[in-house]
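Before any comments, here is the structure.
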Amino acid sequence: MNAIWLVILPILGAFLLPLVYRQNTRVGTWIGPFILGLSLILAFGLWGDIAANGVQTILMGGFPAPVGIVFYVDHLALLFVIMLVLGTLVLWLGKEKGNIQEETLLLLIVAGGSGLVLSGDLFNIYVFYEIVAVASYGLAASRGSYAASLRFLILGALGSSLLLLGIALIYAITGTLNLAHLATHPEILQGTVGLTAFALILIGLGVKAELFPVNTWVPEVYTTASARISALLGGLISKMALLVILRLLVLLYDTSAAHLLLLTLGVLGVITGELAAMRATHLRQVLAYSSIGQLGLVAIAFSIPGPAGIIAGIALALHHALVKPALFMLTKAWGKQLSHLAGASQSLLTTILFLVLALSLIGIPPLPGFWAKFLLLKGALATNIAAYQMVITVVLIATVIETIYFMRIVRVMFNTKPPPIKAPALQELVPALVFVTLLFISVLNLGTIGKSLEIVATSAADKSIYMNFLPL
Amino acid sequence: MTLLSGLIFTIGLGLLLIVVIKSLIFEQVLTGGIGSIILEQAPNDVGTANIVSSVLLAYRGLDTLGELTVLFVAATAVGLVLGQPRPDAPRDPDAGFILRSAADLLFPFMIILGAYIILHGHLTPGGGFQGGAILAAAFFIPILASPSSPLNHKVSSLVEGLAGSAFILIGLLALFDKGYFLAPLLGTGEVGELFSAGSLPLLYLAVGLKVGAELAGLLARLHETEV
Amino acid sequence: MLFWIALISVVVMLSAAVAVLLLENYLAATAALSVVSLALSVLFIVLQAPDVALTEAAVGAGVSSVILAITLRRVGLWKIEGEK
Amino acid sequence: MEETAGIYFFSYSGALGLILLGVFAMVTSRHIIRIILGLMLLEAGVNLFLIIIGYRANAIAPIIVEGQNAAMVDPIPQALVLTAIVIGVAVQALALALVIKTYKAYGTLDTKELAQRIAEESGTHVIDGIPTEEKQV
């Protein structure tokens, strides 16, 4: 079993998809789900392999580690790949068939996202990041929102150029691009040049990860693109970029300066995102700002040194990856202004789904959202560093604000004065239903999930495992 | 307001970069690195005279595949954004007779030049990207000269799909044969000969065809859009 | 020798880059951009990167200027004179 | 030696100049075409920067010629720049396709105006990520 298939299969499928569609439309519509399903099976198989035999490293072209490109396959990376593939597969349900270009881009964004988390080479990460970025500009424009997508592209292209500049700086001072090889000389990267490079890389990856100063595209794109694309970008793709930042922090920048930089950006993201969500007047916009806030929480968690932070970050990210896409898919039926939601409670199923998701996002026990936030508080308290104690206040304030704006939405929903809006068809709710089912399954298995997360995080936080495969 | 904050951002970045460049020049940092290893090993490992192409296709072949994918993503997204032009859409007027015949005359020469650059990519400067750009130009100039005979997008998308798949299939063959994706195949041969460097010229051919078809398709699509 | 080529190409490149920002006429700015690319490819040759120089000349000066010019034509900014 | 120092100095100032002019154009211009021109300058500057990193004094291009045994420049940055140039063109093509469509839909290419139009159309009243007060209609 070779993890390269996780990247190659979707790319090959995307290359051939237009040709197959021209020959036979019926076969063409099944290629996308088939390849995603195959990738999912592969990923689960690899998970078992790694649990049995330890982490794998895959050499491209058979050239040994620092010279050639290396894929590093551990549980953390696989977890995010599974999350992305599974999420995309669920979002594929109920999708109208026959949009060849959109399906091609969806396959390619999965390939790019998987490569991004698996790759152990800085420039390779840049290339996969560009695949993800260009595909998301295209997808953001797929429903005719060209202007929003263009503004997204300009910000993203600026970020990518700065990311490349940061990678160039790292190559200039170390002469290598391999993450494990870089991790053997951490002291070189902690000078001025190294930290400048980190800041530039953070700006670059931050565009996709919705970090504080470069997230102005979020509300525009998520309100104008289709619900499915907003769900994909906000719920799944953004975490891939955050995982790369985590890898860099663990392997290369295990210093307080880098941790505090990410912490600051995360705290600012949470505060600005949640405050803006309270003022927003449009349902999609509320979700967009709340996603900025939630990703800020993940960034805070990743900035906590040691495995405790990584566990909290993974838990928050996984939870958000279930809840936010489901919420976005609900808005497909009743998007628009908040005031249009009046009477939405007529549809019982939708109301229950929305309530469950909102409560979990706020963090009401026993829903998984509570445990994720609890892990974050636990991790922050355990550090004994003053800056992280402050995080507790931030998280509590964020929770209060989240409660306020979700309860405001619920109040509007139960307001039956104006004629109630049309209830969404059952078919439109399928993806949201699947996500909620997954959420409930995770509630029932909290114990096992917690244990396996702990194993994943401890091995991810240990950089000696990562450096083991170097032949030097 | 925007001007001021933009100016501050630019000046800040400038000062930072000046400091960085100063330390790059004056503090000689870690030398060696992977570049010198590759310079030593490449002739034996891969067997190209042009070492940049052995980095592109052998040591960092996955980057090249990624780059082809980015081009493909962009072409697909451009197709998604621009959509199909109406067949009865107004077109630009034809250029004059002289331009048209010049374009027709130029066509075979540019094809030959592009093919030459692609096939000698492992020996001399140039290769799939440069040759592909020339191939794209060869197909695009006639369109500029006579817009009434547009590019056949079916053929160009067929070429880009097959060339991209060919690149991956060569990589997969290596995976089954040697156990590593995109490992060099077919031996290295004599450095400097046309038939050397194993599967590299084949990979370059796939890259050239794909880049050519992709860029030609992009240019033609942009050209065809209605005002 | 290389010294002077580097000096001249950098000066040409930077002045063309300033012209890209200052020229009112977008077609002229596009032309200035391809001058930047050409000067840059000369500099690449000085820096012993012939492959990159070829690519920059073919892709940077060629393809991307053509794309820009087509776009200017489609959005009505194709004006030979400098007036608005 | 004097010559190498000069080449380093000029190339670095060229890269720095291109990067700063590009960033300046991107963050201060309002016209999208100018912003894209700035993006191209920025990309060119970053590429030049990468090439300078690989440059070595008195070294030749990394192409083996028989009978020559001089030191060669680092080939890796050159390969990276080749990749980056093509990626840059791909992004530019997509950007310009979006420009054409945006112009067709809105009739303007001013980013601030576009942001306002997006905000009005989607009824969100957000400009540059900051929600403004809802206008009374």
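Here are some notes:
Labels A, B, C and D are assigned to the chains in the order they are written; within every chain, residues are numbered from 1.
Everything below uses one rule, namely that a residue touches a chain if its C-beta (ideal position, glycine included) is under 8 Å from a C-beta of that chain, and two chains touch if they have at least 3 such contacts.
None of these values were measured; they are calculated from a predicted model.
Chains that count as touching both chain A and chain D, per the definition above, are B.
More C-beta pairs in contact connect the chains of A-B than those of the other pair, out of B-D and A-B. Separating the centre of chain B from that of chain C, both taken as means of CA atoms, is a distance of 20 Å. As a whole-number value, the distance joining the C-alpha centres of chain A and chain C reads 38 Å. Centre-to-centre, using mean CA coordinates, chain A is 30 Å away from chain B.
In chain A, 123, 127, 130, 134, 137-138, 141, 146, 171-172, 177 are the positions where the chain touches two or more neighbouring chains simultaneously. For chain C, residues that reach two or more other chains under the stated contact definition are 50-51, 55, 59, 63, 67, 70-71, 74, 76.
Looking at chain B, one finds that residues 17, 24, 33-35, 38, 50, 52, 60, 63, 66-67, 70, 73-74, 77, 81, 125, 129, 215, 218, 222, 225 touch two or more other chains.
Taken chain by chain, the contacts fit none of the simple shapes, being neither an open path, a ring, a star, nor a full set of pairwise contacts.
A complete list of chain pairs in contact reads A-B, A-D, B-C, B-D, C-D. Contact residues on chain A toward chain B in their complex (touch as defined above): 2, 4, 8, 11-12, 14-16, 18-19, 22, 58-63, 66-69, 101-102, 104-105, 108, 111-112, 115, 123-124, 127-128, 130-131, 134-135, 137-139, 141-142, 146, 169, 171-178, 181, 185, 188, 191-193, 196. Considering their complex, residues 50, 52-53, 117, 125-127, 129-130, 133-134, 136-137, 140, 215, 218-219, 222-223, 225, 227 of chain B touch chain C. Residues 16-17, 19-20, 23-24, 29-35, 37-38, 41, 45, 58-63, 65-67, 69-70, 72-74, 76-77, 79-81, 154, 157-158, 160-162, 164-165, 168, 171-172, 174-175, 178-184 of chain B are the ones touching chain A in the complex.
Contacts from chain A toward chain D in the complex involve residues 123, 127, 130, 134, 137-138, 141, 144-151, 153-154, 157-158, 160-161, 164-165, 168, 171-172, 177, 215-220, 223-224, 276, 279-282, 284-285, 336-337. The touching residues of chain D, counted against chain A in their complex, run 19, 22-23, 26, 32, 35-36, 39, 42-43, 46, 49-50, 53, 76-77, 80, 83-84, 87, 90-91, 94-95, 98-99, 101-102, 105-106, 111, 114-115, 117-118, 121-126, 128-131, 134.
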